[in-house]
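Following are the structures in question.
Next come two complexes, and both contain chain A; in the first it sits with chain B, in the second with chain C.
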Partner chain A sequence: MADPRIIIVGAGPAGVRAAEACVQAGLRPTIIDEGRRDGGQIYRRQPDHFTRPYQKLYGTEAGRAQAVHQAFDAIRDRIDYRPETLVWNIADGHIWTAKATAQEALPFDVLILCTGATDRLMPVKGWNFAGAYSLGGAQVALKSQAVSIGHRVVFMGSGPLLYLVASQYVEAGADVAAVLDTSPFTARVKALPDLLAMPSVLWNGVRLTQALKRAGVAVHHGVTPVEIVGDPHDGLGGLRFRDRGGTERRIACDAVAMGHHLRPEAQLADLARCAFAFDPLTRQWLAERDGDGRASVAGIYLAGDGAKILGARSAEASGRLAALAALADLGLTSDTGEMERLRGDVATYARFARGLARAFPWPAQQAAALPDEAILCRCEGVTAGDLRAVMRETGAQEANRAKAFSRVGMGRCQGRYCGLAAAELIAAEAGIPIEQVGRLRGQAPVKPLTIAIGDDA
Partner chain B sequence: MSGASDVIIVGGGLMGSSAALFLRGHGMSVTLLETDLIGRQASGTNFGNVRRQGRAMHQLPLANRAIAIWRKSRELLGADVEYLQSGHIRVCYRERPELVGAMEEYADQARHEGLDLELLSGNALRDKFPFLGADVLAGSYSATDGHANPRLAAPAFARAAQKLGAIVHENTKIVDAQKLGEDFVVTAADGRRFRAPILLVTAGAWGNALSSQFGEPVPIMPRGPNMSVTEPVPYAILPAVGVMTPLEEETVYFRQVARGNIVLGGSTRGPSFPDAYRAYVLPQNTVSQLKQIRRLAPQLGKLNIIRVWSGIEGYLPDSQPVMGPSATTSGLYYAFGFSGSGFQIGPGVGETMAEIIAKGHTDIPIAPYSVARFAQ
Partner chain C sequence: MSRRFVRLGETDRPPLTLHVDGRPVEALVGDTLMVALLAHGRTLRQSEFGPEARAGFCLMGACQDCWVWTETGDRLRACSTLAASGQRIVTSQPEASWPTHA
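Coming up: the complex of A and B.
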């Protein structure tokens, strides 16, 4: 192949390192990214004329953020970079892009999907009120625009992002009312052997929790969220939860940031017709790939958190590894010792991620216990009781079937935010294993697409 | 033998499900067999037009029978399939003034079949329906047409049939059908066998696989509709709207559901793969559909689509179904290949097939749909 057309989707750590490897091999890859600037979510660059220093923006990861930005800046003139561009469909060896109303179909020989992740959310009664954000959304507000999501903020959920964003808010001077972790502290002890795969990251996490405590933030472990209290007009005004002893408590707040780790943005892999497999540890369906990132469809490669949630450091390694695998498959490079080393790095990150998943488990039982009046699907306003009633009436037990009858996951977000919890609720209600519920089939467009697409009038 | 009944129906779309319901009404025992889940392909993925106007004149008696069922669907089914009799407009563009004459002629004939249509100039239409674009030359308005939710309809018919005693087996792929003595024996992929003296094939795009086993192959072509839906916006568009044109690319239509989303359909149809059980919307078809939609209703250009979908439909060369008794085998009946326009007439097809099977005759004209038209 004289001039292979390599397209990388996503300009976060995985996409940047993948592009860098292609440039080093003398190629000019195309990077398509929804963001206005490179860096992805984790290393999101602040808008022009914002002047916060790296240390303030990225904390312990300042050095890595800066290195990824510099790597991008160094290849900027040797790639075809298309920011603010959505890849909304894939078919017959072409990606279909939209930038405002401009539309294009670009052919590819190699497609490296570095599509990142969004928050994995567990619904709580009242999470539809204004003032309820995902942890990632709360972090974007701070990182991008230097604003807080509220005057008095509660952080609720589980996972490293819970503590990271809460401490970033504290450091920025926000009033953090409490950190409510659904996982019991003992889970962390059991996960310690895997967490020791990355002692420095583990230590960073310990320091974050200590900093929160030093700042006087109440941190509760093993909580059960009960209700986000609010009304449709004024938004949320407080939160009720049961502490680990079972005592119900109430906190006044005007914003809640919630989430339980992340989930891969795998829609493009789905549209590219890649095979998916159920991952019992995270209870999610993941696009299948080999150790180097090759998907089940020839020419498609998967890297970073868009393939599996292994974190930003792993994304750099898996992005470069996927690109090297693609170059080797094109016959442009050979499998070097570097690939072996990257595989080892990714394996270490995977062990650590396994530890995190065990230390901060996804509270599947919370979906099963969601009260009937709680909104489950925010886009379509479908309650847990609506879904249960549809299941009783129609016998639907499969994710797409339940969606067709109840509208759960049928709205603007296409089930990104409610799909995993809805599957848990269906499994519990039907008394079947979660994998038997299946996964929501991805449909184009990946994000809402203007009807004015292609209108050059 | 897994089961014996008076009638086996192969294919759990709208035709098969409604036939099961009406056969129960005639007191016949029914086993309905479906490869996947009820109503998941053509019946569940179509546009949802409950539209009589524009159909071939010989289909109108069937369409009239169907509309009576749609109107009483809530009571009949004990479920809301979101049927709305909110009108239907068929328009033509300025480039094709000759179609106005065709519309007038159609309206004259349709009146004799009990379908009243009002012809309106472009300006009169825009006064009434200000969302229509400047290219619209004229239109034909049918106040008594409307739309319903295809995702809900066929499963609701099947559940209603089940409540009346029909046996419904989903996830039952049929691999063989034979007539042994007086009975048909139908075999599923997992070895289960079903027996009945009457077999009704309502298998859509898969219909030919069964009719061929009885020496009656039909030239069916699998295709897929090209569907999109917008985010919800305030409910303002009552009628379903479609374009009359000889060009497939220009043939688009839209309707707003009470929840607010606008469903868009049409322009070039996509491929579908009955063996793989999947159909895909080709991106270029989405782009051409949206372009045509902007022409029909320019204000829709301000909205986003949030999802596209397709499904497996079976098309016959003359766009008419195979419907009626087999020409080779007694006790064998067909109702498939509705060529992308079976949704509205579906319940009427079910009622008519039940009548033919139970009583041996019907007053509904079905001669144009005979399988014999494809005999070599």
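Coming up: the complex of A and C.
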């Protein structure tokens, strides 16, 4: 193919490294990104007029963030870069984009999806009150805007991001009331062999925990969240949880940052008709791909956290690897020793990620235990009891059928924040394995469009 | 406590003034609409499906919990739209745009 049309979706670490590989091969790829600037969520650049240095923004990852930004700056003039642009559908060899009110259909020969991730949420009664934010959102507030999400913040959930963001808040001068981790400390010990795949990252995590304790922040392991309490008008005012001994405690706060690791933004892979497979360890459905990132559909490649949550370092490696695989498939380059090295790097990151998933497990049982009155779908205020009633009345046990009857997953977030917990609740209620519940199908548009949108290509 | 978000630095940026529900609001160049509004107030909008007010959730353009509108009826995500001098924002959907609501 003389002049292949390569489109990369996402300008985070995976997308930037994929584009760089294409440029090095003499091509001019198109990068489409929803962000105002490159960097993705993890290496998000602060707006103009902000002056914090890399070390302050990205901590131990400052060097990596700067390298990814510099790589982008170096290829900026040799790519077709389209920021603030949403890819909202894929069909018939085209992607459909929307920027403000303009839309366009672009044909592609190669599509590299580097769509990144969003927080994986476990609902807690009261999470619909103003002042509850996703953990990633709490980090964006600090990193991109230099604000704390509240005057007194509790971090609740599990995973490395819980400790990272809490410690970033402490360092920035925010009042952190507590860190409440649902995973028991013993899980971390059992996961050590896999976590030792990346000793320096493991050590960074240990140091974060020590820094929190030195700052006097209460850190509880093995907690069970009970309720976020608040006032409909003013927002949340505190939360109740059971500690690992089963004693109920109450903390006053006006903000909660909550999350359990991340989930891939896989809607575009779905719309491109890629096959998905169930991953028992994370209890999520992932788009299938080979070791280099080739999806089940020819011409589609998957990289970064949008394919599987392996972290930012892995995203750089898998982004480059997917692009090299695409170039090799086009006959433009041959499989080199570099690809073999990148495969090895990704395997190491995957081992570490397996350790993290075991150390900070998704508390599936909490979905099953949600009281009937707890809001499950924040978008439309659908409760756990509403979903259970729909199951009793209709017999629905499949994710999309239950969604159609209950509207859980049909609201404006399109199931991003309730879908995984809803599936757990259905599985527990029906007494069937979670994989039998299936997964919510991706729907176009993958995010709401404004109705005024017109053909403006 | 009349505000939700707390500024932890970067306050040397030039100021700007926008209007929210007809009232002037002081913000800083580089603020998102969400930060501009929540550095002064507690909430962004009223949920259409329950009694509670909302203040956004994901801050990365995925949850759509932070919708606000221009006075002419254009819908904006407060988390991913920068505040600008002279902007006129309303926190409930203008009636004129209701029939075309997406």
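To be clear about the criterion, the second predicted complex is superposed on the first by the 454 of 457 C-alpha atoms of A that agree within 3 Å, B and C clash if a C-alpha of one lies under 4 Å from a C-alpha of the other, contacts with A are read in each partner's own complex, and residues count from 1 in each chain.
Throughout what follows, a residue touches a chain if its C-beta (ideal position, glycine included) is under 8 Å from a C-beta of that chain, and two chains touch if they have at least 3 such contacts.
In this text the structure is predicted, and so the values were computed from the model without any measurement.
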Task = Could you look at A:Phe50 and tell me whether it touches chain B, chain C, both or neither (first, second, both, neither)?
result = second
Ask   = So, A:Leu449: does it touch chain B (first), chain C (second), both, or neither?
value = both
Query = Which partner does A:Ser314 reach: the first (chain B), the second (chain C), both, or neither?
reply = neither
Query = First (chain B), second (chain C), both or neither: which does A:Asn128 touch?
reply = second
Ask   = In the superposed arrangement, does chain B or chain C reach more residues of chain A?
value = C
Query = Looking at the overlay, does A:Arg378 come into contact with chain B only (first), chain C only (second), both, or neither?
reply = second
Ask   = Between chain B (first) and chain C (second), which, if any, makes contact with A:Thr394: first, second, both or neither?
value = first
Query = If you stack the two complexes on chain A, which partner ends up touching A:Phe405: first (chain B), second (chain C), both, or neither?
reply = first
Query = Of the partners chain B and chain C, which touch A:Gln145 in the superposed model: first, second, both, neither?
reply = second
Ask   = Same chain A residues contacting chain B and chain C, which ones?
value = 412, 448-452
Query = Inside the complex, what are the residues of chain C that reach chain A?
reply = 1, 4-10, 12-14, 28-32, 35, 39, 42-44, 47, 49-65, 67, 74-75, 79-80, 82, 100-102
Request  = Provide the residue numbers of chain B that touch chain A in the complex, in ascending order.
outcome  = 37, 44, 79, 151-152, 155, 159, 230-231, 264, 280-284, 286-287, 290-291, 293-294, 300-309
Query = Touching chain B in the complex: which residues of chain A?
reply = 88-89, 91-92, 94, 96, 103, 105, 393-394, 398, 401, 404-405, 410-412, 414, 443-445, 448-455
For the chain A and chain C complex, residues of the former touching the latter = 34, 36, 41, 46-52, 118-119, 128-134, 136-138, 140-142, 144-151, 172-174, 232-235, 254-255, 265, 375, 378-381, 412-413, 416-417, 447-452
